[in-house]
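Heads up, there are several structures right after this.
Here come two complexes built around subunit A, the first alongside subunit B, the second alongside subunit C.
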Partner chain A sequence: MNARELLEIADDELILGWRDSEWTGIAPSLEEDVAFSSIAQNEIGHARALYELAARELGTTADELAFDRDPGDYRSAPLVEQRRMDWAHTIARHYLYETADELRLEALKQDEDPEIAGLAAKMDREEQYHRLHARMWADRLRDEPRFRQALEEVWPLALGVLPAEQRAALAQRVEREPVAAVERNGHSDDLRELWEEMTMVRRSVPGATW
Partner chain B sequence: MSRPQHDHEGRQAARPRSPTASEVWDALAEIPDPEIPIISLVDLGVIRDVTVEEDSVRIEFTPTFLGCPALEVMRDAMAGKVRDLGAEPDVRVILDDSWSTDKITPAGREKLRASGFAPPAPRQVQPLRLVELQRGFRCPYCGSSDTRLENIFGPTPCRSLRYCTGCRQPFEQFKTI
Partner chain C sequence: MIYEVFRQERKGVAFAHAGSLDAPDATFAEAFAREQYGRRQESEALWVVSREAIHAVGDFADELNKTYHRVDGYSLKAKLKEARERAGTA
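For the complex of A and B:
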């Protein structure tokens, strides 16, 4: 796995971590407030570790990769960029992303670079809890028309998280028919807006040590 | 009272000796976990190795969760302890799967229980299942196993929330990793 591919995963985890944190304080129940806040923290932790590996190869630092690139240079998938959605769409994204991420980690655990494989194994331990949470909600909402509609809408975006060769496995795992994926090229206005907020403090005093 | 050490020709020793690995371990055992201060970093099992070299002490440290905000605090505290012993710290954060909650020492598990945290269940080969998390854990207050999972997630990444039906006490549990 090269630095560019690592950045795709790191960017997904960072941006989704931000999106998940948008539920802090306003989730439908206190328990979900805690859950999405904790999941957000894990995802951003994974992003940091991945940026550190990529930074070594690229001769930069994790912070520079996370905050000093232009929004157009991020490699995140359109799925994770979508701004806070209603609960049905949030759970649809959560369920499909965590399942896609499971497949991605399974492949990454076999990477020839032992540092990447080792990190993937550690991430996967933590992600098990995200998957339990996502599946519990997907089961609970299974027969809700709004949730089924949300799955339809989010599905092409979810396929775009994975490289083409892993998409059939995702379709099988979530029991859906494959459709044309929304690829990771180009970004929505949602990402630009998130980037403005995410990098605001760092841009306010360039080079400062906090 | 100690006097400055002199060698047999009467010169004052130029600098103190390097600490031994066992002195470093003892010093690290004094560092409390920043978020669960009842337990030390050594109890927690996050220090994988200590190697004393000529002027420096290398510590291999494995974080519990990758997003743990206490990581920097732990790293700085370990570096501080090594400096107190007169050596230069080289703390390396190891980002692999070598830490598990199975590494928490028996003393550490007992300290967790005594302060109201249910210790983690052993790591299993097969993936976690929700049904296994939902039942069977003992309440650290009254010992009843009539407890239920309230939330997989809790106030920090490493904790879940549970409730004891026996003594009507909410409590936290260390997640198995």
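For the complex of A and C:
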């Protein structure tokens, strides 16, 4: 796996962690607030670890990769960029992303670089909890029209998280028909807006040691 | 639905009440309990019990104030102090 592919995964995890954290304080119940905030925090932790591996190869630092690139240089999938989703869409995204991420991690655990394979195994142990959480919510909302509609809308974006050769497996795992994927090229205005907020403090004193 | 969570800190020690949580069913209760009481390696094991499954007992009569039935019913401290003073060893 090269640095560019690592960055795709790292950017996905960072941006999704950020989006999920938007529910902190406003989730449907306190328990869910704690659970979802913690999932968000895990994703950002995974991003940090992946950026560190990529940074070594690229001769930079994890912070510089996370905060100092132009928004256009991020490799995140459109799925994770979407803002202001209702709970049905949030769970649809969470469920499809975690299932896609499971496939991605299975492949990553076989990587020839032992550091990458080792990190994938560590991440996967935390992701097991994310999958448990995602599936229990997907089960609970399964027959809700709003959730079914949300799955429909988010599905082409979810396919775009994975490389083409893994998409059939995702479709099978979530029992959906494959459709044309929304690829990771070009970004929505949502990402620009997120980037402005996410990098605001760091940009306020460029080059500072925090 | 309210669930009570009991936590075992280390292998071999007794489970102690850790807190309660609100969850729609047992699956959610388990997920929330894992999150709140197991995420930081602070637990060896958890018991997650629906509050309805707990048979609570709290009405103990002691109308005659028979404190001598209890281990704390007979205070030795004051008596010991008196005895020591009498013996001049206080």
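The definition used in the following text is that the second predicted complex is superposed on the first by the 210 of 210 C-alpha atoms of A that agree within 3 Å, B and C clash if a C-alpha of one lies under 4 Å from a C-alpha of the other, contacts with A are read in each partner's own complex, and residues count from 1 in each chain.
The rule is short, and it goes like this: contacts are C-beta pairs under 8 Å (C-beta built on N, C-alpha and C of every residue); 3 or more make two chains touch, one makes a residue touch a chain.
This one's a predicted model, so the numbers in the text were calculated from it and none came from an experiment.
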{"item": "Joint occupancy of subunit A by subunit B and subunit C, clash or fit", "value": "clash"}
{"item": "Touched partner set for A:Q128, first subunit B, second subunit C, both or neither", "value": "first"}
{"item": "Touched partner set for A:S38, first subunit B, second subunit C, both or neither", "value": "both"}
{"item": "Touching partner for A:D63 - first (subunit B), second (subunit C), both, neither", "value": "neither"}
{"item": "Subunit B versus subunit C as contact partner of A:R140, first or second or both or neither", "value": "second"}
{"item": "Between subunit B and subunit C, more extensive residue contact with subunit A", "value": "B"}
{"item": "Footprint overlap on subunit A, comparing subunit B with subunit C", "value": "31, 34-35, 38, 129, 132-133, 136"}
{"item": "Footprint of subunit B on subunit A - complex, ascending", "value": "31, 34-35, 37-39, 41-46, 48-49, 52-53, 115, 118-119, 121-123, 125-126, 128-129, 132-133, 135-136"}
{"item": "Subunit C partner contacts - residues on subunit A that touch it in the complex", "value": "29-32, 34-35, 38, 129, 132-133, 136, 139-140"}
{"item": "In the complex, subunit C residues that touch subunit A", "value": "21-24, 27-28, 31-32, 34-36, 39"}
{"item": "Contact footprint of subunit A on subunit B as seen in their complex", "value": "65-69, 95-100, 127-130, 133, 150-157, 161, 175, 177"}
